[in-house]
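One chain, chain A, links the two complexes that follow: it is found with chain B in the first and with chain C in the second.
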Partner chain A sequence: MAITSLVFLLFVFGVMLVYYIAPSKYQWIVLLAASIFFYLSCGTWGIFFVLITATSVYFAAQKIGAITEGQKAYFKENKDTLSRDDKKIIKSKNTKKRRLILILTLILNFGILCAFKYVDVYWDLALFSANAVFKLLGLRTINGNFSIIAPLGLSFYTFQAIGYLVDVYWDNCKPEKNYLKNLLFVSFFPQVTQGPISDYSQLSAELFSKHKFDYDHFTRGFQRMLWGFGKKMVIADFIAPYVQNVFHNYGSYTGISTLIGAFLYSLQIYTDFSGYMDIMCGVCEMFGIRLTENFERPYFSKSIAEYWRRWHITLGAWFKKYIYYTIGMSGWSRKLGQKSKEKFGKFVGQTIPPSVALVVVWLATGVWHGATGAYVAWGAVNGLFIIFSIWMEPNYTRLKNKLHIRESNFWWRLFQVVRTFTLVTFIKVLPEVGTLREGFGLIFHIFRDHTLPATAAQLFPFAESFTLKTFFVLLLSVLLFVHSLLERKNDVRDLFGKLPLIVRIVMLSLLLIVIAYVGIPASNEGGFLYAKF
Partner chain B sequence: MRNFKKVLLCVILFVTVTAVLSTALIEPFYHSEYMYFCDAKARQELAGTLDYLFVGASNGYAAFVPSVADEAMDVCSYNLSGGLLTWYGRKTILEKELSRNPVKTVVFEISFNSLWREYHSAWGDSVFLSRLDSPGERLSFVLRHTSVKDWGEMYANLLGNSIDYLKAVVQNKCFGKDLPLSNVDYSAKGFHAKYESLQVTQDQINQAPSNMDTYFVKKNVDDLYDMINMCKEKNIEVLFAVVPISDYLIHQFDNWYEMEEKLRVLSEDTGCPIIDFNLLKNRYSLFNDAGSFADDVHMSKTGAEVFTAEYAKVMNKYNRGEDISNLFYSDYASMKADSPYA
Partner chain C sequence: MDELLEILNDINPDIDYMTETNLIDGKMIDSFSIFKLIDDICETFDIDIGPKWMRNENFNSVHAMWDMIQAIQNEDE
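== the complex of A and B ==
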C-alpha cells in the first residue's frame, strides 16, 4: 500500500472510523489490527521478521525486568541481613544474567538487520574470496549479483525495539506485560516504515491512553497531512528526475548548474522525508496521538552539530542516548579523559572522550544508512566536521572577539546558515551520486568548471520547460520557505487556524487540486527516499 | 458529539468546495469539441444512421478510416475505438450505439496484445469519460468499472487534459491537424489520423526475437463475449479483424503461432470469423514500415487509408460469398519468409 495513494487515505479514514466508534479501552487493538493489515498489504513475508523482533524483545524485556524487580524485592526484604559485599555479589551475578539476555537479543535483531541490509556486501566479499581461490587454481571465475529485499522499515522498527529493551535494562522503564501492546509499539503503522524512532515511555503514553474525537486534532492533523502530501508529491517527486539527471551526467553540466542540482537535491530530500513525517504526524494527530518531531527547520542551522540536532532528530537522539552516552560515560572513557588531562591539559582531557564517542557514533550512523564506502565516508565527514568544530571552538571564540563579531549579528548568522547549508549539501551529495569517487568527482566539478552557462536552460534545469506545473512547484517551495521563516517565532498552524473557515477550506482544496495535478503524475515514479534505509 | 458535528460540517464543506473547483477545472475537457476523443456530439448527430461499427483500442482508431469504408462498401460507419480503451469501455460505448442505430455489422479489432493486456484503467478511462454524454453517465461508469486505486490518477489525467485544453484555447491553438490536442473534424467519425513515421535502426532490426505473452485476460474475454451476445441478440453480424502492425514488430516475436491458435479457438467458440490483415499476401506492396506506420503498432494516416481501402475490397468479396483465403498467407511463418527483414 503506497503512502501517497488514495487507497492509503481510505485505509486511514476507515481505521479512524472504527477507532472512534470502538470503546476507548479497545482503541489500541484497532491500531494493532490496522498496523498488521498495513504491513501485510506491503508484502506478507516481512511480518514474520516484525514478529521475531517484537517477540524476542518482549520475552527479553520480561526476563530482564523480572531479574531487576526480583533483585529489588530481595534487597528490600533482606535489607537488614545482607551485607554490602553480599549485595555486590548478587548485583554482579544478576547484571551478568541481564547483560547476557540483552546481548543475545541484540545479536539476534542486529543480526537480522545486518543480514538483510548488507547481504550484497557479504556476497561481494564471498565472491571476491572465492574468485581469488579459483584464480590460484586456474579455474574460471564467477560473476553475479545477489540481493534480497529487506522487510519494510527493518532499520526503524529494530532500533525502536532495541531502544525499548535497553531502557528496560537500564531500568528507565518497566517492561510491557501485554505482548500485543508490545507488538503495537514495534509495528505501529504510521512510523514503521520511516520512523520517527520513538521512546517507549513517550509513545506508549500516547498509544494506550483513551482518545476522544476532537475537532482541533482532526482538522489540524488533516491540514498537516495534506501539507505533507504537498511537500512530497509536488516538490520532492517533481524535482527528483532533474536531480538524478544532473547527478548521473554532471560532466555535461556546468559547475554552476551542478551546484544548483546539488541544492535541489537538498530540497528534494528534505521535502521527501519531512513530507512523510508531516503525513504520518498528521495521521496520528487525527487519532489524537502525538508523535515525536523529526525536523526543526534544519536548513536554518548555524553549524553541522546544530544541523544534526534538527534533522532526523529521533535517529540522532537514539545514537546519542544508546551509543554516545554509553561510550562517553563508560569507565575506560573516563580513564582516557583522566590520562589526557594529566598529559595535555584540561581542555584536551575534556574533549578527547566525546571525540572518540563521536567517531563511533558517526561511523555507525554512516553504516546504518548503507554499508558502502560512500556512506561510511559520509558518516566520517559529518563526524570530523563536528569534532573539528569542538576542538576549534576556543580559537573561533578568540577570532570572533578580535574581529568584534557578535553572535546576534544578522549578517553573521546569515553567513553561518549559508555556510552550513552549503557544507551539508556537499556532504549529502557524496553517497547519492554512486560511488565515493563519483561523489567527490561531482563536488570537484562544481569548483573546477567555471564555464558560464550560455542559456537559461543550461543554468537551471526547469528553464527550458517552464510549465504551469513548474510554477506550482516554485510556488509551493516559496510557501515552504515562508512557512519555515514564520515557524521560528510562531506556531504556523495556529496562525492558519485564525483565518476564516471558508478561506482555509478554499486554500486546502486548491492545495489538494495542485497535489493531484502535479503530484500524482510525478509520484508515480518513486517511493520515499528514506524508505531505502 | 459537538466536535463530531463540527468536523462533519467541515468535511462536507471541504468536499463541496473541492468538487465545485474540480468541476470548474475539468468541465472544459468534456466540452471541448476540438479534441479527437470528445465525440459524443458527433455520435449524437449521426444517431439513427450508423450501420457499420469498428470497435477497438488505439490500433483500431488509427487503422480504420470510416469515410473510405463508407464509399467503398456503401455503408455508414463509425470508428468507436479509442486509445487504451478498456474492454468494458468498449462494451459501454457499443451498448449505447446499438441502442440508437440500425447496426448490421460490428467489427472487433483484436490486434496484437489487445486481449492479453491488463488495461491500466486510469488513462484509458479518463479519456473514455470524455466520450460519455452527461455527468451522471460518467459517474456511473467510474463507480461501476474503474478501480478505486486508479481514481487519483484519473482525476490527475482529467485535470491535466483540461488545463492543457484551456492553455490551448488561450493560445488559440485549438485547430489544425498537427497540434497534440486537436485534429478532429467530425467527418473523421472516430478515426484518429497519425502523422508520424516509424523509424527503425539497424540495431533494433538485428535484435533477437523473443516470445510474447499470449495469455488472454479473463475479464477482457468476458467483456468480449458480452458484446458478442449483445450483437447476436439483435442479429448483428460480428467479425474479428486483426489490423496490420509493422513488419519490424512482427519480427520481434517468434511465437505468433500461439496467438494464431488462440484466435482460431476464439473464432470457433464464438462462431465469428476472424480475418488477420497482417497476413495479406500483398502487404509488402501495400505497406512499408516507414510510410504506412506511425510507430511499431499504429498505422499512419496514409497507411490507414490504404489499409481501409484494401479492407473494403476484401470485405466486399467476403460479403459476396467469394473465397478470400487465397488473398492471405496461411500463417505468420510463411509471411515472414517473404519479408524484407527476412
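== the complex of A and C ==
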C-alpha cells in the first residue's frame, strides 16, 4: 500500500472510524489489526520476521524481568540476613543470566537484520573468494548478482524492539505482559516503515490509553498530514528526476549545475523524510496519539553536531543511549581514560572515552545506512568533523575572543548556518552517487568547469520550460522556508488556527489542488528515500 | 551536595545550578561534557554510574543528580 495513494487515505479514515466507534479499552486492538493489515498489504512474507522479532523480544523481556523482580523480592525478604558480599554474589549470578538472554536475543535479531541488509556484501565476498580459488586452479571465473528484498522497515522496528529489551535489562522499564500489546509496539503501522524509533515507555503510554474523538486533534492532525503530502509529493518527487540526472551524469554538467543538483538533493531528502514524518505524525494526531518528533529545523543548525541533534532525532538518540554511553562508560573505556589522564592530563583523559565512543557510533551509523565503503566513509567524515570541532573548541573560543565575534551576532550566526548547510550537503551526497570514488568525483566536479555559457545553456532550458507546476513547486518551497522560520518561536498550526475559517478552508483546498495537480503525476507511488535503510 | 556543585561549576560556572532543571534537555551540558561530569562524580563519590542511569531526567538538575548518587550508593549497600 503506497503511502501517497488514495488507498492509504481510505485505509486511515476507515481505521479511524472503527477506532472511535470501538469501546475505548479495545482501541489498541483496532490499531493492531490495522497494523497487521497494513504490513500484509505491503508484502505478505515480511510479517514472519516481524513476528520473530516481536516474539523473541517478548519472551526475553519476560525472562529478564522475572529474574530482576525475583532478585528484588529475595533481597527484600532477606534484608536482615544478607551481607553486602552475599548480595554482590547473587547480583553477579543474576546479571550473567540476564546478559546471556539479552545477548542471544541480540544475536538473533541483529543476525536477521545483517542477513537481509548486507546480503549483497556477503555475496560479493563469496564470489570474490570463489573466483580467487578458481583463478588459482586455472578455472573460469564466475559473475552474477544476488539480492533479496528485506522485510519492510526491518532496521527501524528491530532497533525499536531492541531498545525496549535493553531498557528492561537495565530495569528502566517493566516488561509488557500482554503479547499482543508487545506486537503492536513493534508493528504500529505509522512508524513501522521509517520510524520514528520510539521508547517503549513513551509510545506505550500513547498506544494503550483511551482516546476520545477530539475535533481539535483531528483538524491539527489533518493539516499536518496534508502539509506532509505537499512536501513529499510536490517538492521531493518533482525535483527527484533532476537530482538523479545530475548524480548519474555529473560529468556532463558544469560545476554550478552540479552544485545546484547537490543542494536540491538536500531539499529533496529533507522534504521526503520530514514529509513522511508529517504524514504519520498527522495520522497519529487524528487518532489522539503523539509520536516522538524526528526533526527540529535541521538546516538551521550552526554546527554538524547540532545538525545531528536535529535530523533523524530518534535514530541519533538510539545510538546515543544504547551505543555511545555503553561504550563510553564501559570498563575498558574508563581504563583507557584513566591511563590517558595519568599520561597526558585531565582534559585528554576525559575526552578520549567519548571520542572513541563517537568513532564507533559514527561507523555504526554509516553501516546502518548501508554496508558500502561510501556509507562507512560518510559516517567516518561526520564523526571526524564532530570530534575535531569538540577538540578544537578551546582554540575556537580564543580565536573568536581575539576577533571580537559575539555568538549573538546575526551575521556570525548566518555564516555558521550557511557553512553547516553546505558541509552537510557535501557529506550527504558522498554515498548517494554510487561508489565512494563517484561520490568524491561529484564533489570535486563542483569545483571544476565554471564556464558561464555552458552553465547558462544547462539552466536556460529549465527556465524556458518554466511551467505552472514549477511555479507551484517554488511557491511551496518558499512556504516551507517561511514555515521553518516561523517554527523557531511559534507553533505554526496555532498561528494557522487563528486565521478566519474561510481563509483556512481556502488555503487547505489550494494545497489539496496543488498536490493533485503537481504531486499525483510526479509522485513515484509512495517510494520514500529512507525506506531503503 | 557542595562537592557536586563544585564539579558542575568546573564544567560551566555560568549556570545557576540550584534553580536550573533543564541541564540536559536544554543542552547546557552536552554529551561530551557529561563524560567529564560522570568521571568526576564517580571519583568524588566512589560510585559506579552504569549506562542504565544515563537518562536525561537523572542529569537535568543538581537535585536529580544528587538523588541518583544516593540511589546508586543505596543499591551498592
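Note that the second predicted complex is superposed on the first by the 520 of 533 C-alpha atoms of A that agree within 3 Å, B and C clash if a C-alpha of one lies under 4 Å from a C-alpha of the other, contacts with A are read in each partner's own complex, and residues count from 1 in each chain.
Rule of thumb we're sticking to: a contact is a pair of C-beta atoms (placed from the backbone, for glycine too) under 8 Å apart; a residue touches a chain by one contact, two chains touch by 3 or more.
Everything quoted here is computed from the prediction, not taken from an experiment.
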A:508 touches, of chain B and chain C: first, second, both or neither? first
Touched partner set for A:196, first chain B, second chain C, both or neither: neither
Chain B versus chain C as contact partner of A:84, first or second or both or neither: second
Touching partner for A:46 - first (chain B), second (chain C), both, neither: neither
Partner chain in contact with A:351 - chain B first, chain C second, else both or neither: second
Which of chain B and chain C A:516 touches, first, second, both or neither: first
First (chain B), second (chain C), both or neither touched by A:170: second
Contacts of A:5 with chain B and chain C, given as first, second, both or neither: first
Touching partner for A:218 - first (chain B), second (chain C), both, neither: first
Chain B-facing residues of chain A, complex: 5-7, 10, 212-215, 218-219, 468, 501-502, 505-506, 508-510, 512-513, 516-517, 519-521, 524
In the complex, chain C residues that touch chain A: 27, 30-32, 35-36, 38-39, 49-52, 54-55, 76-77
Chain C contact footprint on chain A (complex, rising order): 84, 170-172, 305, 309, 320-322, 324-326, 328-329, 334, 337, 349-351, 353-354, 390
For the chain B and chain A complex, residues of the former touching the latter: 3-4, 6-7, 10, 13-14, 17-18, 21-22, 25, 148-149, 151-153, 155-156, 159-160, 163, 167
